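Shared between the two complexes below is chain A, which has chain B as its partner in the first and chain C in the second.
Right, the complex of A and B next:
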């Protein structure tokens, strides 16, 4: 059976793109439009991989990433960040949050900066899932 | 003491009289005939001549005539024989100042001399006064000329345009700086034009009103306004005008005009520089938006590739839509950037502000209906055709009304009937006020503070973040203002005030002062 991949992004076009890439490569896409929905979906669907955007209304990708990576139950689910925000900025924001008394979080399994080719996304997914 | 010349053919008389006069303190010279008298006269220049009338050879009358010819100011006293009234009268006719009878008594001669001396003194003083007066007049005239020269030069070299009129408002002073601003040559203006020919009715009315308000006082009331030059071009000036009074009556008026063209140009340059800085800053802010757009293109083409490969029309369609959406998005972003960075003088052209507003409503009606938003028009029917930049106004209203529709769409209060109103009002001072009112979700202070900054958008991937920035730029380029009132949950009102020029019947625009 195909692996379940959760896509969390507020932009419907990005969701449609990621969904298509996943379907074309034999994965089962699960879609969420913001951080809150994303967290619900993680609990309910227990995905094998998460593709996460950074800037979203309600619960950004930065917070959701922290919560997942500091939660025993979910911290081993690999995450591919897919965002217009540069990787450096994302890592810096995580560092700042750690300094303000949060638990340290590991770097994401992969970081893709938009724009991303469908093939590259597919390759990255394949690599991360092993 | 005056010098006296005594002339008598009787030497004894002369000697006795001379001794007596010298003892009175006079300087005395003598002669024993008329001819000798004239010789002595020429040599000694006496002030008073006392001459006997009857002498052999040249008689006293002739001596008198000759002396008066030589110097009319010399006093001549004639000595006549007793009862010789005819000769005495003859002598007076020829300018003798007095006459005394023979035998000459001391009292009589001293009285006559005293009278002559008084006359001389008075005449001397009179002369002195006259000469003094002439000198004074000359000095005053010189002073006056200097002062008038000074004033002339002051007026001529003033950096400020100076236009002064007499009490009938005929222009009597018009300096080179005024010529530089208004473009007319002095010969086209001086004593030909009146103040109302140079300045607009509005401006004249403004000062007329002040005149009644503050009679008898110098009003230095300045006004940043525009004047039309000879070629009909509006020149920005700071206008300072006042009436000149003399004993509570108007004796004229004067206007000082500071040319603001250079200042306005610098202001514009500064604004431009600031705008470029904003654009520089926003290039960084743009990166995120541009990346999203590019990702949209890639996503769209990926979908289309899949669609082609599999002959899947749905995928093709979805991919094509994605690409189209991002083309639209790209063009919006680029157009916004362009119109924000471009310097554009407002192009005043005849248009009816209500028609512009109506057109905006027509274009957006479809969008509003799709989102169940009611679009309501409330136009002021007193608004007529005026001159303003219709394109700027159109773009601004398009931005604001589509924002308002979005604000309604984002409001998900169940059962709320969503409305956007576009209102127009005619305001005093030739200003049209547009109001875009929505009853959508409204804004808090944080959002309100940020709406006019670049690349701030609450619409996520939908907005360019430049719309309001562009709207404000266009309105400000048109010397207008844009304000916003908002309350969370109740809605938002944008208020745009745009000044316009009036149209004359022949379609020529007339400058008005707001």
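Right, the complex of A and C next:
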């Protein structure tokens, strides 16, 4: 049975693209459209990997990332960030939130800036899942 | 609004509706002092008007045009979002195709926004980006505070701090009293509030000088009670009574007090009192050169 990969992205084109890449490579995609839905899906589906966008309605990937990585139940689920937001802005935001009194969080397992090539996404998933 | 935000009337979440031409990053930055109060989450919104991508004979639905417009908006929002994320703020974005007013109301409800910001260039500008009809419809349908943002009268440039020196126009309606509740929590943003009431000429007809002075005194005392609320919350406030045409006098007061915006209550519901039934806040929002913060009564809240 293939591993379950949760894709959290508000852009339907990106969800479809990721779904196609995942299915072609034998994974089971689970889709969510924002941070809130994403968190629900993490609880319900217990994914082996999460592909997470940053800029989304309702809740950004930055807050969801922090919550997952500071939750002992979910912190070991690897996360690939897939976003138009630059990696350095993501890392800076996490640093600032930690400085504001939040718990420190590790860097994501991988960071891909959009647009990403299907082969690169597939290779990254393979590498992160070992 | 949720129970918590409604009770405390603070601005935690702001929905920033832009077509980019009228509300750019400069306008957004001018509102970031609200962070000193409670602002922590900004939602960007760009509504692509249906007309721009609608079906046309011989062309069909302009999917590529929609894609181009979405991508343009996305690129700008990403740039703005990176800046805010790096400051530790929470940011979200909506890029949607449809009619402006229902889309804005829908997003404001979904996001539980405490403030909706929408742009309108001053009268001196050639182009009005959101029509008066759009703004009127939004104000009459939404149950959340709306800031109609306008650039500076004299130069057309961005106001540095729109919340620095507001003029609060009071008509004692539930909506205008709610405006007091809304502003009183902004002590870290507001430098001074001028609180004004305009007594109509009608109220003065056939009265003696003594009666006029008495009327002024009564209004002033009522306004002073409102000023005391602000003072108790650490905000300098001063009361003023003007007499004459409501709209003209509000604008006169704003000019004389060098106000950065006009704040007033508004409601399409039966909570209106006196003569400000719809027309004054609508005019101030649509046509006045001053940015206008319109606070609804909040329906059944």
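We adopt the following convention: the second predicted complex is superposed on the first by the 130 of 130 C-alpha atoms of A that agree within 3 Å, B and C clash if a C-alpha of one lies under 4 Å from a C-alpha of the other, contacts with A are read in each partner's own complex, and residues count from 1 in each chain.
We take it that a residue touches a chain if its C-beta (ideal position, glycine included) is under 8 Å from a C-beta of that chain, and two chains touch if they have at least 3 such contacts.
Note that this is a predicted model, so its numbers are computed, not measured.
**Q** Put chain B and chain C onto chain A via the superposition and say whether they clash or fit.
**A** clash
**Q** After lining up the shared chain so the two structures overlap, which partner does A:100 touch, if you call chain B first and chain C second: first, second, both or neither?
**A** second
**Q** On the A-aligned overlay, A:84 touches which partner chain: chain B = first, chain C = second, or both, or neither?
**A** Both partners, chain B and chain C.
**Q** After the superposition on A, what does A:45 contact: first (chain B), second (chain C), both or neither?
**A** A:45: touches no partner chain.
**Q** Does chain B (first) or chain C (second) touch A:16, or do both, or does neither?
**A** A:16: touches chain B, not chain C.
**Q** Answer with first, second, both or neither: which of chain B and chain C does A:24 touch in the superposed model?
**A** The answer is first: A:24 touches chain B but not chain C.
**Q** For A:92, is the partner it touches chain B (first), chain C (second), both, or none of the two (neither)?
**A** second
**Q** Quick check on the superposed pair: does A:63 touch chain B, chain C, both, or neither? Answer first, second, both or neither.
**A** Once the two structures are laid over each other on A, A:63 reaches chain C alone.
**Q** So, A:116: does it touch chain B (first), chain C (second), both, or neither?
**A** Only chain B; A:116 stays clear of chain C.
**Q** Going by the clash criterion at the top, which of the stretches 199-207, 397-405, 415-423 or 505-513 from chain B hits chain C after superposition?
**A** 397-405
**Q** Can you pull the chain A residues that chain B and chain C both touch?
**A** 55, 57, 84-85
**Q** Flag every residue of chain C that touches chain A in the complex, lowest number first.
**A** 43, 74-75, 77-78, 81-82, 85-88, 90-94, 107, 110-111
**Q** Would you tell me which residues of chain B are touching chain A in their complex?
**A** Residue positions touching the partner: 287-289, 291-292, 294-300, 302-303, 305-306, 315, 318, 322, 325-326, 460-461.
**Q** In the complex of these two chains, what residues of chain A are touching chain C?
**A** 54-60, 62-63, 84-86, 89-90, 92-93, 96-97, 99-100
**Q** With touch defined as at the start, can you tell me which chain A residues reach chain B in the complex?
**A** These residues of chain A touch chain B: 10-11, 13-14, 16-17, 20-21, 24, 55, 57, 84-85, 113-118.
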